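Encoded as C-alpha cells, the structure appears first; notes follow it.
Chain IDs A, B, C and D follow the sequence of writing; residue 1 opens each chain.
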Amino acid sequence: MNRFGHIFTFTSFGESHGPAIGGIVDGIPANISLSKEDIQPALDLRRPGINSLTTQRNEPDQIEIFSGIFEGKTTGTPLGFIIKNTNHLSTDYDDIKDKFRPAHADLTYELKYGIRDYRGGGRSSARETAVRVACGAIAKKTLNSLLPKSVSISSKVIQIGTETDPTKFKELIEKTKQRNDSIGCLVELQASNVPPCLGSPIYDKLDADIAKEMMGINAVKGVEIGEGFNVVNLYGSENADEMFSDDGENIRFKSNHAGGILGGISTGQDIIVRIAVKPTPSINQILSTVDKDKKNVSITTKGRHDPCIGLRICPVVEAMMWCILLDHYLMNKSFQ
Amino acid sequence: MNRFGHIFTFTSFGESHGPAIGGIVDGIPANISLSKEDIQPALDLRRPGINSLTTQRNEPDQIEIFSGIFEGKTTGTPLGFIIKNTNHLSTDYDDIKDKFRPAHADLTYELKYGIRDYRGGGRSSARETAVRVACGAIAKKTLNSLLPKSVSISSKVIQIGTETDPTKFKELIEKTKQRNDSIGCLVELQASNVPPCLGSPIYDKLDADIAKEMMGINAVKGVEIGEGFNVVNLYGSENADEMFSDDGENIRFKSNHAGGILGGISTGQDIIVRIAVKPTPSINQILSTVDKDKKNVSITTKGRHDPCIGLRICPVVEAMMWCILLDHYLMNKSFQ
Amino acid sequence: MNRFGHIFTFTSFGESHGPAIGGIVDGIPANISLSKEDIQPALDLRRPGINSLTTQRNEPDQIEIFSGIFEGKTTGTPLGFIIKNTNHLSTDYDDIKDKFRPAHADLTYELKYGIRDYRGGGRSSARETAVRVACGAIAKKTLNSLLPKSVSISSKVIQIGTETDPTKFKELIEKTKQRNDSIGCLVELQASNVPPCLGSPIYDKLDADIAKEMMGINAVKGVEIGEGFNVVNLYGSENADEMFSDDGENIRFKSNHAGGILGGISTGQDIIVRIAVKPTPSINQILSTVDKDKKNVSITTKGRHDPCIGLRICPVVEAMMWCILLDHYLMNKSFQ
Amino acid sequence: MNRFGHIFTFTSFGESHGPAIGGIVDGIPANISLSKEDIQPALDLRRPGINSLTTQRNEPDQIEIFSGIFEGKTTGTPLGFIIKNTNHLSTDYDDIKDKFRPAHADLTYELKYGIRDYRGGGRSSARETAVRVACGAIAKKTLNSLLPKSVSISSKVIQIGTETDPTKFKELIEKTKQRNDSIGCLVELQASNVPPCLGSPIYDKLDADIAKEMMGINAVKGVEIGEGFNVVNLYGSENADEMFSDDGENIRFKSNHAGGILGGISTGQDIIVRIAVKPTPSINQILSTVDKDKKNVSITTKGRHDPCIGLRICPVVEAMMWCILLDHYLMNKSFQ
C-alpha cells in the first residue's frame, strides 16, 4: 500500500502539513559507503522555493537518519529517516476544507476514508515525493557501488503545452502563471549503462514496474517506453532493432525502438521512458464544484503552487528509476 | 515473478510448445456460481485461428479445472486449471534456435537464464495470455456477483498504423500481410460502473496497477489514462473536471479528463485507458541479427503469426482490467 | 494465502476428492538438471497405502510436469505440475457431509466460507501435502546443485504416545488401531551442512519461517528449535554455546543448544527442529458433535485413516525444510 | 525482511544505540480514535528500568507520532513514529566490539553482513521490541474499535527454571542475578473473544502466523498452541474437542485441546499459546569465544541486562498477538 519494491523496498509516511514526512528503506546491502551527504543534494534539487517559477513554500528539507548506517557504512539493517515539515501555512486551506477541488484527490480520499487531512492535500500532496527523492539517492549510491560501470540517469522536460523549444519554456510558464493558470508537460528519462538481465517476467517485467512507478507519481497520466505510442504507426520491419557484432564478442543494435527492454528484461541498451504530466490542478481561478453536503459551490485554490510540475518532477522521476533498477538488480542476483 | 495481484491473485505457468499452460487463481471469495461455461467463451474469443487475419495455429483451448469449485460454486480455495497445447509445430523453429530474432525476447531470455525453450518463443510467447483471459473471466464473474450493479468493460482497436477509420482496418491488415510485414495499433479500453474508492495510495494506486499490468502484456509499449499524453498540451483550467450535483445526493462531473481516477483512487466515472501495441516482431522478411556464437547472420521468421496484434489483444486487455478491479475491490473491502 | 515463500515460492491447489491436486513452483534458478525422476521417489515415500499401518487409500501419485524444464534443465520459468486423484471413494463421506467432525477443520471451513467440499476433508485434507513433497524434492535438487557441499536433511519419529523406544512403535500403533483410536507423536528433524548467513532479520528470521511452515503442516501443534522448551529449565551459563577455533580459520562451537540459528540467522551448525503431531482426529469411535442445523448428533469417522500421522509426516517435514532453506539461500544471494 | 503482516503491516527500523528506533504502521482503517495516550501506557509497561530485577538502562521511551492521525482519528494513511534512544552508554561495549558473545547474534550478523553495530547488540537488541509494543497498542485499539465485543489478551510467566510457583519467582531471579547468571522461562498467552474465521489456509494459517511471529521474538526457542507438545502423549479419543449446542444456535465445545484453532482458522474459543524463552545470553561470567581474527579469547558481558527475560517479554508477546489478530481480521473482511 505505502511500500515500493520487492527486495529493495521503501515504505513512506507523512502528510503535507504534519510534523514530518519520512520513510524506512529496507534491503540495502551492507558495507555501502553512505551518509547524509549522498542524499541531501538530491533533496535540494527537488525542494520547493528554488526559483521564482516554483511554489514559494520554502522548506529546508533536511534529512535526519536514525539507523542503518554505522561508521559511514550501511549495515544491512533498515534505514529510517524523517524530513521535517517547517514552512506550512495551514490557514491557507481553511476555506476549502469542506470543498472538493477539481482534478485533486480531495473527493476520492473523502469517499474512500470518510476523513482527510485537507491541509495542503494531506497525504496526496506532492510533498511526499521528497521521500522518494531521498530513497532514490540511496538507491543510486548503492547501485553504483555494486556495479563495475556506473549507471547514469538523466531526465528533462522536452515539451510544455505545445512548445518543444526549451528556450521558450520560461516565457511560457511565466505567461501561464500571470493568467493564474497551469500547464502540462512531457518528461523524457534516459538510463544508460543499465546492466542487461534486469526484469522478472512475466508479472514483474522491468517495463511493467517502470510503468507502475511512473504512473504512481502525482500528476502523471501516461507512460511510454522506447517508441512508445509511436509504435502504432510503425510496420514490424521498421520497428525491428536489428543486431550485429563488430568483434564477435559484444552484441550491438542498429537502433533502439524497444527503449532498452525486450520481453520485460533489460538488453543493456539505454532505457528511454517518457511520461505525460498534467497541469497542476491548483489554480487561482473560479471553478465549479460541490462541498461535503453535496451543495454546488465555487472554489479558488490560493495556496502556493507550481504553474508547471515539470520544473520539479524530474528529480522524482529519476529517483523512482534508481529504485526500480536497484530493486531489479538485487532480484536478479538471486538467480545468477 | 509469475504472479498477478495482491489479494485476488493468479500465478501462471507454461511455454508455447510444452504440454500445457495453466494457472492457479487464489483469493476468489466463496459461494460464487462459477463453471467452465463462464470461462470457455472468453478463451474462444482470444484463441488463434478464428479468422483468416490471425495466426493459423488452431488451438481448441479447452480449459480443465481441477479444484476450487464444488457443486457449481466457489469454495474459497484456489482454482487450479490447465489449457493443453495441441497444435504446436515445433519443427517450424528448428532453424532459428540459435539465432536471436530482432524485437523478440530471445536475446534477453538467453542472457538472463543461459537457456531458453526457443520453440514458439517459449515462455515469452503470447500463448501465455490465454491464462490471463481465463483468469479475467473468473474475475468478471466474481466481481459482478459481488456488486449490486454490474461493471462492464469493453475495448476496441481505434487506430492501426496511421489509419483511424475502422472500416479500412481489414484492408490495411491484408495489405500488410501480403507484404510479409506487420503493423502496430492503438487499443482503447473503457470500464463503466466501476465502484468508487478502488485504489490504495500511494504505492498501489489504481492507475499505477493498471499501468503495470497493461505494460506487462506482450507487445505493449505505452499506457495512458484519461487525457493521457494529451495533458501535455492542456492548461489546468482546461483539464479540470468540474463537479456539480443535480439532486444534492449524487456528485457528477462536467467532464472526464482524469479517466475515472483521482489520486490513484477510482471516482466512479468511466475508466478510460489506451495502450500502444507494437507490430508483431515475427515477420517473414530477412533481418540482420547474431547467433549464440556472436556471428552475424540473417534471419527470417516463418511460423504462423498475426500481422496485427490488435485483433487478438482486446480480450487480454479486458481480462487484466477485470483482474485489477476485482483485486482492488477485495483490498478495499478490508478497510470498509 | 496458498503460497509458500519469498523468492523460491510455490502455490498449491487441490482438494482431496477433486480430479487432481498440483502446484506452480516459481523462482527456480535456470540450468538445474531436473526431471520427474528427481521428484517421484519423494512422492513414493509419502504416498498412502505403503504399508499395513497407514491409510489404505492407494494412490499412485504420479507427477505430471507441464513446464519449466527444457531438455532436462530448468529454464528459470515456473514449473507447473499436477498429481491426479484416482482412488477416492467419495461415498465414504456421504453420511457426514452435514456434521462437523471434532478436531477437524470441518467447522471452521464451514464458518469461514459458508460452503465446503466435505469429501475427504476437501482442501484441509493431508492429501495436499503431496504437493509440498513434490516441491521439496525440487528444492532439494536445486539447492544441492547450487552448493559446493550438499545439505542433508533427515527426520524421524522419536516418540509415540509416551513411548520413546522405536522398536516398540509398531506394536503400539497396531494396538491403537485395534482400539479404533489414533495417537500423537514427536518428530525430530536435522539439517546438516546448512550454509551460514541464511535468515533475514527481523521479520523473516530463519527460525521464524521454520516455525511458520512447520506449524502450518496439518496436525502440528508445537515447534521447537535446539533446546526448545527445555531452555525454560536452563541457566544462561548452561545454554551458552561457547566458541573456539582449532586452526585460526574455522569457528567451532562446544555445543549446539541454539539448534543452528542465532539472531534468526543460520550459524552453519546443524539445525535441529522438533514438532509435536497430534493424533489423527479421524477415529472410528462415537463422538458428540453438532450438524449444520446446530442439532446435537453423534458421529463416527469411517474412511481410511492413519492411526499415527508420524508414519507419513516425515517426508512432508523434510520437504518444507528444503523449501525454506532454498528460499533463504536465494534471498541471501541478493545481498552477497 | 523488516516488515510484519499482510494487510495490517508495520516496518521497523533502529539499533540499540542509534539516535532512535521507530516504525511505519500501514493498513490502519480510517476513522479509528487514536492518540499517543493509547500507545504510551503499553510502552511504559515494557520499558527497562521499571524495577530492580530488570536492566537498569532507564529509557523514557516516549513515542513521537508524525502522521496518520488527524483531529484525533486515523485517516487511513500510514502512521510514522519514532522512540528516541537516550540512555545508551556505548562505552560499555568497547571491549567486546571484536568478540562474538556466545548465544548472541554477534557472530551471525558479522558473517552475514560483514559489518555490525556492536553497541548494545545493534539491530539484534531487544530494544527493537519497543516498536512492536507500540504497534501492538495501535492494533489493539483498532481491532477493538471494529468489533462489537472486545478481544482481550493476557499473558503471564508460568514457569522459571523448574519453578512453577509464581510466589517463588522473585527469589529465584534474585538468586540467579547474584550468581551473575540468567534463567529461562515459560510464558502463556491467552486471547479471548477472538472472532471465528480468522486464518487463511493453507500457507497463511492463523496458527502458522502465530508460530512465526512468536518464534521471531528475541530469545524464543519454542511455540506451542493448545495442548502443544502434550499432543504427543494423547490418543485421538482424548484430544477430540467434542461439540454440542445448548440452544440450537451457538456451537460450544466440551474442551479446548486445539487451543482455539482448527485447520488454521480460529474457532471462537480462547487461543492458547505457550512460548519458551531462553535465559539472557548476556551474563557477567567468563566464557570462551573467538574474536574477528579467529583467535580464542574469553569474554564477559557487563552491560545492564535482565536476569530473566520473562519479566519484560509479556508486553511484546501480547503486542504481536494483537497485530496478528488485526491483520487476519482485515484479511478475512476481504472475503466476507
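The rule we apply is simple: a residue touches a chain if its C-beta (ideal position, glycine included) is under 8 Å from a C-beta of that chain, and two chains touch if they have at least 3 such contacts.
Just so it is clear, the model here is predicted, and its values are computed rather than measured.
When the interfaces A-C and A-B are ranked by how many C-beta pairs touch across them, A-B comes first.
Most remote from chain A, judged by the distance between CA-atom centroids, is C. Distance from the chain A centre to the chain B centre is 26 Å, each centre being the mean of its Cα atoms. Computed from the mean C-alpha positions, the centre of chain A lies at a distance of 44 Å from the centre of chain C. Looking at chain A, one finds that residues 1-3, 12, 27, 30, 76, 109, 112-113, 123, 201, 335 touch two or more other chains.
Listed in rising order, the residues of chain D touching chain A in the complex are 1-3, 9, 11-15, 18-24, 26-27, 30-31, 64, 66-68, 70, 73-80, 82, 109, 112-117, 122-123.
Against chain D, in their complex, chain C makes its touches with residues 1-4, 12, 100, 102-105, 107-109, 111-113, 123-124, 128, 159-162, 176, 181-186, 196-197, 199-205, 207-216, 221-245, 248-251, 254, 257-259, 262-267, 276-283, 285, 287-290, 293-296, 332, 335.
On the chain A side of its complex with chain C, the touching residues are 7, 27, 29-30, 76, 201, 330-331, 333-336.
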